[in-house]
Amino acid sequence: MEIKKFVQDLRVVQNIRLNKRHFILELQSPEKFPLILPGQFVQVLVSNSPSTFLRRPFSIHSVDYANNSLRLLVQIKGEGTLHLSKLHDGDSLNVIYPLGNSFSLPATRDVLLVGGGAGVAPLLFMAKLLNQDHIHPTILLGFRTKEEVSEIEEYSKYGTVLVTTDDGSAGEKGLVTDHPVLKGERPAFRKIYCCGPEPMMKAVAKIATMHQIECEVSLENTMACGFGVCLCCITPTDKGNERVCVEGPVFNVNRLNWGQEEK
Amino acid sequence: MEIKKFVQDLRVVQNIRLNKRHFILELQSPEKFPLILPGQFVQVLVSNSPSTFLRRPFSIHSVDYANNSLRLLVQIKGEGTLHLSKLHDGDSLNVIYPLGNSFSLPATRDVLLVGGGAGVAPLLFMAKLLNQDHIHPTILLGFRTKEEVSEIEEYSKYGTVLVTTDDGSAGEKGLVTDHPVLKGERPAFRKIYCCGPEPMMKAVAKIATMHQIECEVSLENTMACGFGVCLCCITPTDKGNERVCVEGPVFNVNRLNWGQEEK
Amino acid sequence: MSDLSVNIAGLTFKNPVTTASGTFGYGEEFREFFDPGELGGIFVKAVTGKNRDGNAYPRMAETPSGMLNSVGLQNKGIDHFCREIYPKIKDFDTRVIVNVSGSTIEEYVEVAERINELENIPSIELNISCPNVKLGGMAFGTVPAMATEVTAAVRKVYKKVLMVKLSPNVTSITELAKAVADGGADAITLINTLLGMAIDAERRRPVLSTITGGLSGPAIKPVALRMVWQVHKAVNLPIVGLGGIMNATDAIEFILAGASVIQVGTANFIDPMVSVNIVRGIEDYMKRHNVGAITELVGALRTD
Amino acid sequence: MSDLSVNIAGLTFKNPVTTASGTFGYGEEFREFFDPGELGGIFVKAVTGKNRDGNAYPRMAETPSGMLNSVGLQNKGIDHFCREIYPKIKDFDTRVIVNVSGSTIEEYVEVAERINELENIPSIELNISCPNVKLGGMAFGTVPAMATEVTAAVRKVYKKVLMVKLSPNVTSITELAKAVADGGADAITLINTLLGMAIDAERRRPVLSTITGGLSGPAIKPVALRMVWQVHKAVNLPIVGLGGIMNATDAIEFILAGASVIQVGTANFIDPMVSVNIVRGIEDYMKRHNVGAITELVGALRTD
């Protein structure tokens, strides 16, 4: 399916600070939204920072078609995200969207969503879509500390939420892969959607593969264009080098040559 | 006299819009000001614009020692000044100051100050200093149109203000050099201080030289450093290539090789 | 009405704005943003003899006002191009020019010969920045004699407009320009990327899998302008100019320096609409400056 | 305590941070901002045989993340340096190194010989980017044989630490590095400015009086890092690295690529305190990464 892409000045309608490192940016379009799917992302121009030359990609955290607004969940990493964190209601932000493919719909009702850090972003959107199909997923979210645990009420609308923190200050202590639902003999899921730091995704993919659970991950390769023309964002797949921004960001792990060369 | 230079974050306390192209930026220091002289300038870092790499030089328009605040009168020319025009009270601006030499005190009471465009900036400061010496100068200011005529009340505190506009919408029509005080048989001044676009300063210098009136001009050569180390801002003088940012910006016109090579 | 049309060795372009190879795919993706027919032309991604996977990820590093890439000519080869890509792009209402690469003279010749047969491709751009595998990896584009040789070999089999794209990583760009002129080039494209490197200080590793890569974007504009100007004065061939063009003013600068046609590269990544906007901005400039035909501006820099 | 000291051919520096020639005057102006004794060293403005007025104004153009300059070695000559400048700088509590320029081999040799006699100048940096007037204006630094010749000639008369600063405007920087190593250089400084150009589209004129000029600043950092890395692998001499260093992270990148000492150039214009802040930033990095001696980081880029 070919979805038309927009290059638009979106209006910042809210900038909600979740904690020291994370915030939510709500952006509104002057026009009617096209169809947007969970797993897709946007490319944001950070025009007021002298050290951001290229756009910055962010997953779409949620979409409100009634208001033609979408939300991004952003983690402050460097100059670009720091500048975004300072935007105010009414500011304007140039965005290309919607980009990339999307999570596929599951052929099962036993669904687990796993996210870590800012990687949880696309999962909220996905959980909502699953609900429309009357699927009530288990949602396993990993955070650094209790302080960073956020939006649990939002996720709880769509599924059963489980939490891990690195320091045990909330939920289970450890990484998401240390949580009983994934560590147990045989996880009770037939499909996993996963998004987060690459080592986390690889660990989840390993568990999934071991138990023959279907698993889709959303990759965060560095991008120059975000719409398929520069060939900078590639990942090796069973079909050769594919573009994460067009053929991805979502890949079924059985298509990725993961586990061969670790750094 | 060696004046210590500061590299400081100054606080924007006011941003006063005069007209479409001009505004006044009032900046306050957290520390006691050093001695600052009329004709000196500051180097401003425009840190939020991706297309301004070097600092931007501006003459000091006035100084308030009681508040440790100074004013800049800025004309919007490109990206840098456009960004400055958008600063708000409370914003911070990194500034190096005070830089350059200054106008010399006159050995006469028959003083004319001539300014055009943003070039009027240092003249207010100079007029005030002359007043402290009980000199009441004539102040001839050139503007594009009536709309841009501004701060006349300020200048009037220190001298007799005369105005020209390019289109005659206020004061005399024409350039400052078309004004009767300069066009007359023998201008009634023994010292002229002049600041503005180079063609204007050259025209004034020509008149001054013709009538053997002492004349000081403030040059606006493009600068990289502003404090004497790059040798980019030079102007040919009777002593060879001198730095406008250290040996200037104020030069007595009889030291400049003006009029030899016009563009 | 301003006349924006230009002409390179008899080949006309409706306006001087084209897109740079490797930054515009095969034009397909951009059709979601605008009609390529609004541009003077498009230079499509490098085509080589056989399929190439390109280099390993990471292939990109952001740098001050620029980026490094080490894509490494990833493409599916000339057969695939003729069979799969050509049919999709042959009816674009603009000049479609193919960037041709290779590691041996034979490969360049083979690809050029095949493209010569494609009716709707009026021109190729030889990318001679690739290392010559037979001659120890020294790039064709850095040794004048090699540059002449590969150009002449392609010239023999290629009957349409032959452009040669030079690498800026040389001591004397005019020497290389003369070398490809001697080889029979119809036009010279300046510049390809500058060789650079980025390091991640935290991990103490190069950012790119290939350690070094090609620098593009506004950072290189001063170098590109200088080379266009030098070659314009030294060699009597039309020039296709590029390197860091972000807006119409940049484009005008290249034209004043001597470029008949300009290419927009890295800027496409930041604003997919930029090339169309540059066409409009050039028109505005011409109106403002009362320039009837864009050709009046080519090389019109005043240095008196 | 982290050990920041480094050593080049027996000459120690208290830390690896120095300032680049032409961007720090003779250190005088900076005393109003900080004590030069906090730095590892300062490289002062080029000195030539006779007084030079330099080029006409305008000498500067701002470019994306950089600037062009065409100052053109303005200085009052070696006599004036020895008589007027040396007494003022000889007691700085840091290494003061003089950048030496010329248009003929005789001029280089003359200046080097004179500076050899100045007790508190432990080293010179030969700037071989200048055009050789006798040999038709081709820069000494672009032709390997000429680079060897001028280095060897100076080596004969100069008894202290001899650094040679290379131009990046060459096809092979390693070839030039080897050439000056053959000539007897003790260390290699990389890089001088890239040749570039800026145009004012409104006036249709070059911005600089000299049309072309030298590009410096962050824009050139990727090229500079690449050259430091290439020379570090190819030539067994210590390297002084520079080109676009704006902060401690940039400095660490050059050290990882192979520089023993780094120079801060254009950044001084934007923040006169930057070099001192870089010293502190390097210390922070060393603490954070548990590095006892900065020398452990020289060339320590991991490429496995």
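Remarks
Chains: A, B, C and D, in written order; residue numbering restarts at 1 for each.
Convention: a contact is a pair of C-beta atoms (placed from the backbone, for glycine too) under 8 Å apart; a residue touches a chain by one contact, two chains touch by 3 or more.
The structure presented is a predicted model; accordingly, all values stated were derived computationally and were not measured.
Common neighbours of chain A and chain D under the contact definition above: B, C.
Seen from the Cα centre of chain A, the chain whose own Cα centre is farthest off is B.
Averaging Cα coordinates per chain places chain C and chain D 34 Å apart.
Chain B and chain C, compared by their mean Cα positions, are separated by 47 Å. Chain D has its Cα centroid 36 Å from the Cα centroid of chain B. In chain B, the positions touching at least two other chains are 50, 52-53.
Within chain C, residues 61, 63-66, 217-218 each touch two or more of the remaining chains.
Taken pairwise by the contact criterion, the protein chains form one closed cycle in which every chain touches exactly two others. Every pair of chains in contact is given here: A-B, A-C, B-D, C-D.
Residue ranges of chain D in contact with chain C, taken from their complex: 61, 63-66, 68, 142, 169-171, 194-199, 201, 203-206, 211-212, 215, 217-223, 225-226, 229, 244, 249, 252-253, 256-257, 285, 297, 300-303.
Looking at the complex, you find that chain B touches chain D at residues 2, 4-5, 7, 45, 51-55, 96, 221-236, 240-241, 246. Contact residues on chain C toward chain A in their complex (touch as defined above): 22-25, 29-30, 32-33, 45, 53-54, 56-67, 69, 71, 74, 217-218, 266, 268-273. Contact residues of chain B toward chain A in the complex are 47-50, 52-53.
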